[in-house]
Amino acid sequence: MLTLDTDLQLALDLVGVFVFALTGGLVAVKKRLDLFGVLVLAAAAALGGGVLRDLLIGDTPPVGISDWRLLGTAVLAGLVTFVFHPGVERISKVVRVLDAAGLATFAIGGSLKALGAGVSPLAAVVIGCITAVGGGMVRDVLAGQVPEVLRREMYALPALLGSTVLVAAHQADRMSVAAIWACVGLVFVIRMVAVVLDVHAPKPLRTGELT
Amino acid sequence: MLTLDTDLQLALDLVGVFVFALTGGLVAVKKRLDLFGVLVLAAAAALGGGVLRDLLIGDTPPVGISDWRLLGTAVLAGLVTFVFHPGVERISKVVRVLDAAGLATFAIGGSLKALGAGVSPLAAVVIGCITAVGGGMVRDVLAGQVPEVLRREMYALPALLGSTVLVAAHQADRMSVAAIWACVGLVFVIRMVAVVLDVHAPKPLRTGELT
Amino acid sequence: MLTLDTDLQLALDLVGVFVFALTGGLVAVKKRLDLFGVLVLAAAAALGGGVLRDLLIGDTPPVGISDWRLLGTAVLAGLVTFVFHPGVERISKVVRVLDAAGLATFAIGGSLKALGAGVSPLAAVVIGCITAVGGGMVRDVLAGQVPEVLRREMYALPALLGSTVLVAAHQADRMSVAAIWACVGLVFVIRMVAVVLDVHAPKPLRTGELT
């Protein structure tokens, strides 16, 4: 099974975990949760997607609660948000770019791990998407709000496209380190384009509009 | 292990998936979610119960994210709801009848699969119920509302009764294709009676009413 | 693997299940759910933490849906709440003490089971906490409210401390029945002190307060 270089994969994972944890911490601060609430939402946002991935492929205990580097990074980001949250909000553009990078590495890394576990191609695509957006969904459900990914932004589609291309390359026996990187870049670029152009997915017509 | 005829089982599953996905799509439309939100809630409603079932019996990856016929049917129903939702709402009586059929096949099919995995009789009953109502619960939690099954209707009780009778037949070594069908019919009929008579489960007395 | 005496462990588990189920039933009554909703929230609060624990360590089907003594106790407590809820509210101080006992036995019992499954020390601590607070989180998410453990009280910290001490003892090869009991007592005492002194975790400064 081809994968990213281990150290690089870990570095990318940690960036994703850190940034996703910042988003979790910010939601918790907005909801006026206490320190524990901030840390839990930070960890849920950062690790929830990977925990779901590991449960879905039967790899227990999930690495997100088992490896101190991941949990430690999430807790650190939660503490940073707790103490410096006005500063974190001020650099929200930087957070958005890093968040797109996290989305990309989580989606492709999730699909790679699922393929390595021998699941069907469809499951590998779905699990990649769940790895990428699952943490944010857990964060929002715990915070009592409809998951942002369902409401506001062209967020899941880049992950879906990238994971699909990756799995297609795997099925065509064209997997390589370059292909993996291309998929990571694809997710990142599409997501950034959506952010910059403020693209949204279409909404259903209101009943009145249709008649 | 006795089961339903495979083709028939699949046909029933697909009907259940399609109808449950319609209910998920309708909730998403009501919440003004975008296209992705409609598709995710459709898939969550249709496949959530089966995914929970498979996680609880340790059958990973869950068939709901692994078999393209199930996921494809759910996505198709989501698209139908997205485009034609006023029409889908207009045939809500038809949806209710099909929903009762989905409830019946999911409950009995879930208990059968759990028995096949060698779980305890109690677990087989519980897993049947979770298969039947779990998708709707995931749908409602993601949509930010208290699960309908906890609030409004005599919905879970038919599933509970049907699964209990099925597991009792299994324990008594009286399992047969006819018994399975009888249980499916039992759930369907009780549910339809509850719909037609507008029967509800009792509510707790208010504190004031008791004193 | 050292564990508590089986009968005693079961007795403690059942006390925890009963009390947690009361809290679930009370939330359901406040939300005006019907009988089924009361029973489901009672079971979710009582068994949710253990079900999450078993999913995270891959022990399926989870004992919470497989052992009739646990589910039966939860359902009994749900019925008690349904019928006698004003009385249950009146003895809320007793419920709080028993709840602290449940928190203690669930946290330590959860970590013990996780250690027995061979997980990493970190995972054993995290799983102990999830066992202790997970049921309440599931209860609150289903009831449509932000989990109380994130909002209001010094609730998770005692569980975290107790599980950490237990796992440290295990790593240092100093595990004994006395050590287990000491950890249970530690969680209980810290929790009760927090209740009596009305201690809360710190909250983030508002943006205005910081500038």
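A, B and C label the chains in the order they appear, each numbered from 1.
Going forward, contacts are C-beta pairs under 8 Å (C-beta built on N, C-alpha and C of every residue); 3 or more make two chains touch, one makes a residue touch a chain.
Because the structure is predicted, anything quoted here is derived from the model rather than measured.
Q: How big is the rotation, 0 to 180°, that puts the C-alpha atoms of subunit A on those of subunit B, in steps of 5?
A: Between subunit A and subunit B, the superposition angle is 120 degrees.
Q: Could you check if the interface between copies subunit A and subunit C is built from the same residues on both sides, meaning over half shared, or from different ones?
A: Subunit A and subunit C contact each other through largely non-matching residue numbers.
Q: When the C-alpha atoms of subunit A and subunit C are each averaged to a single point, how far apart are the two points in Å?
A: 29
Q: Return the residues of subunit B touching two or more other chains; collapse runs of consecutive numbers into ranges.
A: Expected reply: 55, 58, 141, 144.
Q: What does subunit B use to touch subunit C in their complex?
A: Those residues of subunit B that touch subunit C are 55-58, 114, 117, 119-120, 122-123, 126-127, 137, 141, 144-147, 149-152, 154-157, 200-204, 207, 210-211.
Q: Using the touch definition from the top, list the residues of subunit C that touch subunit B in their complex.
A: Per the touch definition, subunit C meets subunit B at residues 28-29, 31-38, 40-41, 51, 55, 58, 60-62, 65-68, 71, 81-82, 85-86, 89, 141-144.
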